[in-house]
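Below you'll find a set of structures to go through.
The same chain A turns up in both complexes below, where it pairs with chain B and then with chain C.
And then the complex of A and B:
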């Protein structure tokens, strides 16, 4: 270990201090949100900055979980996330594997995929195609049009290419079909990579917001992010949850606690999968590049 | 021909695997590109795509004559440049600071925290900012405690762009360090040892060893970011917009939405979107060339 001068140690100390402050800036909003969401009316009225509630109250959570529209939006989002991730993974993996094989047209298809990273038609033409293909006002509109991420596709293809060719060749010589080779050789070897991209897709589906307002007219089909926007950003907590729901509650929670509770509930699944994501993403981000 | 058929027959399962994906790309990526022709039509939803009248470049001339579009374009470029020159350097500085941190556990802990916001939705991030910055929010309560007047952060157009940049930094600065940290991890430790023997202190090591190691990554990311200068992201800005800050915050993406979807001006909105896409393509391709000129690999 190299000996450090006093000045250097001071700089190191300062560096650590600043980094810890930055890390706290990421964490503190969540602690504040958590504590406000569990605060009672008098806590909210009395204090400006609540780091920990003095009088715990769960009225805000009772309010959001009593609301059909909130519960429904969570189920809608779970549905989109589960089905959407499955669809995305299947389409991406099969196509990525197909593109590792030197068949007629493979090069053209690959170029087609890469071009979509550089250029896309834009919101209006895609909107019209979604309309024409009959997805309007169905949950499929949030699943199909964004099913494959070109970038993920190319990275997964790159990963498949890194699997030694001899393995699939041996299977093919033994008489396995390409599909069987894909299913019993390639997929088992790629489980960690597919799990990583599955998580990325799942987070993307859970966070889906804009497609919700663009394609779904029916408020009953709104995913959680759209409902969250109504509650928090539009400041319409009572009308979004349903004023009849609010009227039935024993204690009326202040809107700000409902807003905080809603943010927390919508974020919880992300926080829960984050440790798993984190284990893989640095690798996932670095595997391969966009190079064909 | 017969040979070709036997080959294709042998490979039919590969085509089967490719088929769903290829169909997806054709229907949802390439048909919309063909649909860009409505930028040259007066699209009417009742007469439909084929029967709408051709209008040539009417929408494009209207676009270039519109002071509204100029304002939107200026907003877009301003927000983009702020992201490039303010938010992007924050990632570099953060990566350098993390790289200097010798304590492995603390480093991992800090990394876990600063990567997290990347995975939150824009609704959540904007929601948190709105709750903190609105009239009765935390920041204004603190200001009131000091006897200061409340600041209308969310409605005053002057605050729109700074807040957008602040949100981008909070959400993405940590995530942005990953690529720099990866480049820094590849630096041969013997370079630092040699520098120390030559009498270099920590600043000189940073300047002569660390920074050159990530120079290439910085240049290529910077150039590519310049290439996508018309991309500000849709959701964040859309969520932050309200009638009061519209003039300062409306960007190309949101403008297309308001004009096309909300006001039904399909042909005109498509033209604006197409303008953005084509300029964006030209810029990215030139940026990539430029990156190669700098002796870097380029993106493709």
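And then the complex of A and C:
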């Protein structure tokens, strides 16, 4: 190894220092949220910025975990995320694989998929479909309408196309059916892609918000994002109209400490998924970037 | 190849189109009751029919689950299958639009006062049930004063039932302990308020030898207003132009005076320095952290949590509520509140079910009973039932104030499940605002505000409930424009002398039309002289 000059090492050191500072800056908001959630309201009001709680208080967490709706909604969201991601992955992967085969109407179906990327049906037509298919007020209304993302489907299809055709031909010669080929050859080779898109889907399902409001009329089924928003967001939009000050006052959200605790509890689970998928992730995001 | 591709695209397009068309045909004949998916009881043989009553309204915070104890109690008591869906406030308009457009308009909708344009649009399309014939039948409807029916009357038909909200005005509270420390009197004019605000900034009112305090807590969109009477208030119609037409407060002479008052304070750092970007929650924090010395107080809805936090920071804090200032035109008093907050409409399809309408109104009447806190006891059966029975749903504290036992999300109390559970507080009733709190200093400040409201007449503005087509179209944009320009004037980025140019811009971009449309309606209502009572 070449011996590096002092200057080079100094530059490296500087780079590392700057990058560490930037990385720490990224952490600041999270630490702030954590600290506020563990502080007393009095401390939060008195200080301009809290980096670390001076007096540890867990009142905010006690308040959150005492609330039925919050706990209930976390379980709802976990359910939607787990089931939804599984459904999404199965449907996306099987459809993408089907679309790599030369079958009748394959191009038409592909065109229709692309069509939905360009033209969205809009809120009311989708509402009607959900209503007429009897999904209204069931958790499936949050899973099925968004089960397949057209964009993800096309990228995964592209990934499948990059797997040499010879592999499936060899499987065919060995007597494997299409399903067996898909399951034993294609899926094991596509783990990075599936992990990546699984994560995309999981985050998407975890963040389900508007669908929850639109399709569910029982608050017991609301996902965490709806409940969280009702806790955190104050009605800012009407403040310009001024005359609504009374409504604004009457609907004061809970103190900021509880808001921060709620944000943390609602974000942490999905954040914890990332490290486990990290190793696949780096490979996965480059899918389709270079075609060989 | 290209031809094949474009052919295929056409086929797809046509497919989509026909699908869309058949879809909309399907909605022309909406099927009822498909949407809710509840188990509909089929006991039509009973002497009294068990009506299925659907409803939708908005909610701040989180509602109880559908199958709570309170819901069962409600259904049993009234022999109905009642459900009022509570939609998060921020997305209320989107969802209710989807429901109505999707052919599942509920039997009753309780709108927010800010949804007047939606209400008017649907009322014009005859989506609501006219209530004119039922008003004489129900005492609670008879008790509603005529002026409150006005906003809900479209082409002579009454489509909405207003829900009570206070006419009492808000005011502003000042740190009395700071005034005393500096030997200043309670301000009675903007000149004096300016002196107080500057003294709060420069003369160390909390005597901690630090320059860490200032005057007025104010946030983005120049909120709160610090209007000490309708003369200065931006969201009311008080001033008149040369032809005698009423004009919005936002472009009035009084507002101009107020903006230059803010500008003077801004120069002295006597109001929140970065107010243009401070949201409402942070504006509250400025006052309740003991930094600012003047802030809003309203007859109800003050946050006791925040007040307690302030008193923990500064136990010596005292508050005095400001009386309205005498305006240059000789008037003195505050503006009355609109008198309604939400309002209930019924579905036009109920026209052939008068008994169901009566049932719904009966339930509505029940849920609007007023139980005066200082007088009511658990012996009052309706009260006890409404709040889920003593010991199960609530307890009474030493001041006879009801304290809920459970989180609303548990759904223990029936009142949580009504579409509208705001009591109607008539003119002869005492609303007992201070009873909402247990913190003595907050009770005292609220009592001061109530007394001030009794002492002065209230101004009843002519514009309440009027909808102007032009305003629906450009009103929000113009309001934002004026707010932005006035914010610039406060910070000195634009001179206050530009006021007339700003008003001119407002006028030319649609303001003139808005004023014209409002005044046509004001004249039609017969409102000429300003009404104080």
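Please note the rule applied: the second predicted complex is superposed on the first by the 223 of 292 C-alpha atoms of A that agree within 3 Å, B and C clash if a C-alpha of one lies under 4 Å from a C-alpha of the other, contacts with A are read in each partner's own complex, and residues count from 1 in each chain.
We take it that a contact is a pair of C-beta atoms (placed from the backbone, for glycine too) under 8 Å apart; a residue touches a chain by one contact, two chains touch by 3 or more.
This one's a predicted model, so the numbers in the text were calculated from it and none came from an experiment.
By the touch criterion defined above, A:58 reaches neither chain B nor chain C. When chain B and chain C are set side by side, the one touching more residues of chain A is B.
Judged by the touch definition given at the top, the superposed model places A:229 against both chain B and chain C. Look at A:134: by the touch rule set out above, it reaches chain C but stays clear of chain B.
Once the two complexes are overlaid on the shared chain, A:112 sits against chain B and chain C alike.
By the document's definition of touching, of the two partners only chain C reaches A:220; chain B does not. Of the two partner chains, chain B is the only one touched by A:145; chain C is not. Shared-chain residue A:256: touches chain B and chain C both. When the two complexes are overlaid on their common chain A, residue A:124 makes contact with chain B and with chain C alike.
Of the two partner chains, chain B is the only one that A:18 touches; chain C does not reach it. Comparing which residues of chain A touch chain B with which touch chain C, the overlap comprises 112, 119, 123-125, 127-128, 132, 210, 214, 226, 229, 233, 235, 256. Chain A meets chain C in the complex at residues 41-42, 45-46, 66-70, 72, 107-108, 111-112, 115, 119, 123-125, 127-128, 131-132, 134, 136-138, 210, 213-214, 217-220, 222, 226-227, 229-231, 233-256.
Taken together, the chain C residues at the contact with chain A in this complex read 8-9, 11-12, 16, 20, 23, 26-27, 34-37, 56, 59-67, 83, 85-91, 94-95, 97-99, 101-104, 112-114, 165-166, 170, 219-221, 223-225, 234-236, 279-281, 285, 288-290, 296, 298, 300-303, 305-306, 309-310, 312-313, 337-338, 341, 407, 409-410, 476, 479-480, 483. Looking at the complex, you find that chain A touches chain B at residues 2, 8, 11-12, 15-16, 18-20, 22-23, 25-27, 29, 32-33, 48-49, 90-92, 94-95, 97-99, 101, 103-104, 109, 112-114, 116, 118-130, 132-133, 144-145, 147-148, 153, 177-179, 182, 203, 206-210, 214, 225-226, 228-229, 232-233, 235, 256, 259-260, 263, 266-267, 270-271, 274, 277-278, 281-282, 285-286, 289-292. Those residues of chain B that touch chain A in the shared complex are 4, 7-8, 11, 13-18, 20-22, 24-25, 27-33, 35-36, 38, 49, 94, 97-98, 100-103, 106, 109-110, 112-117, 119-124, 126-128, 130-132, 134, 138, 141-142, 145, 170, 174, 178-179, 182, 196, 201-202, 234-235, 238-239, 253, 256-257, 260-261, 266, 269-270, 273-274, 276-278, 280-281, 284-285, 299-300.
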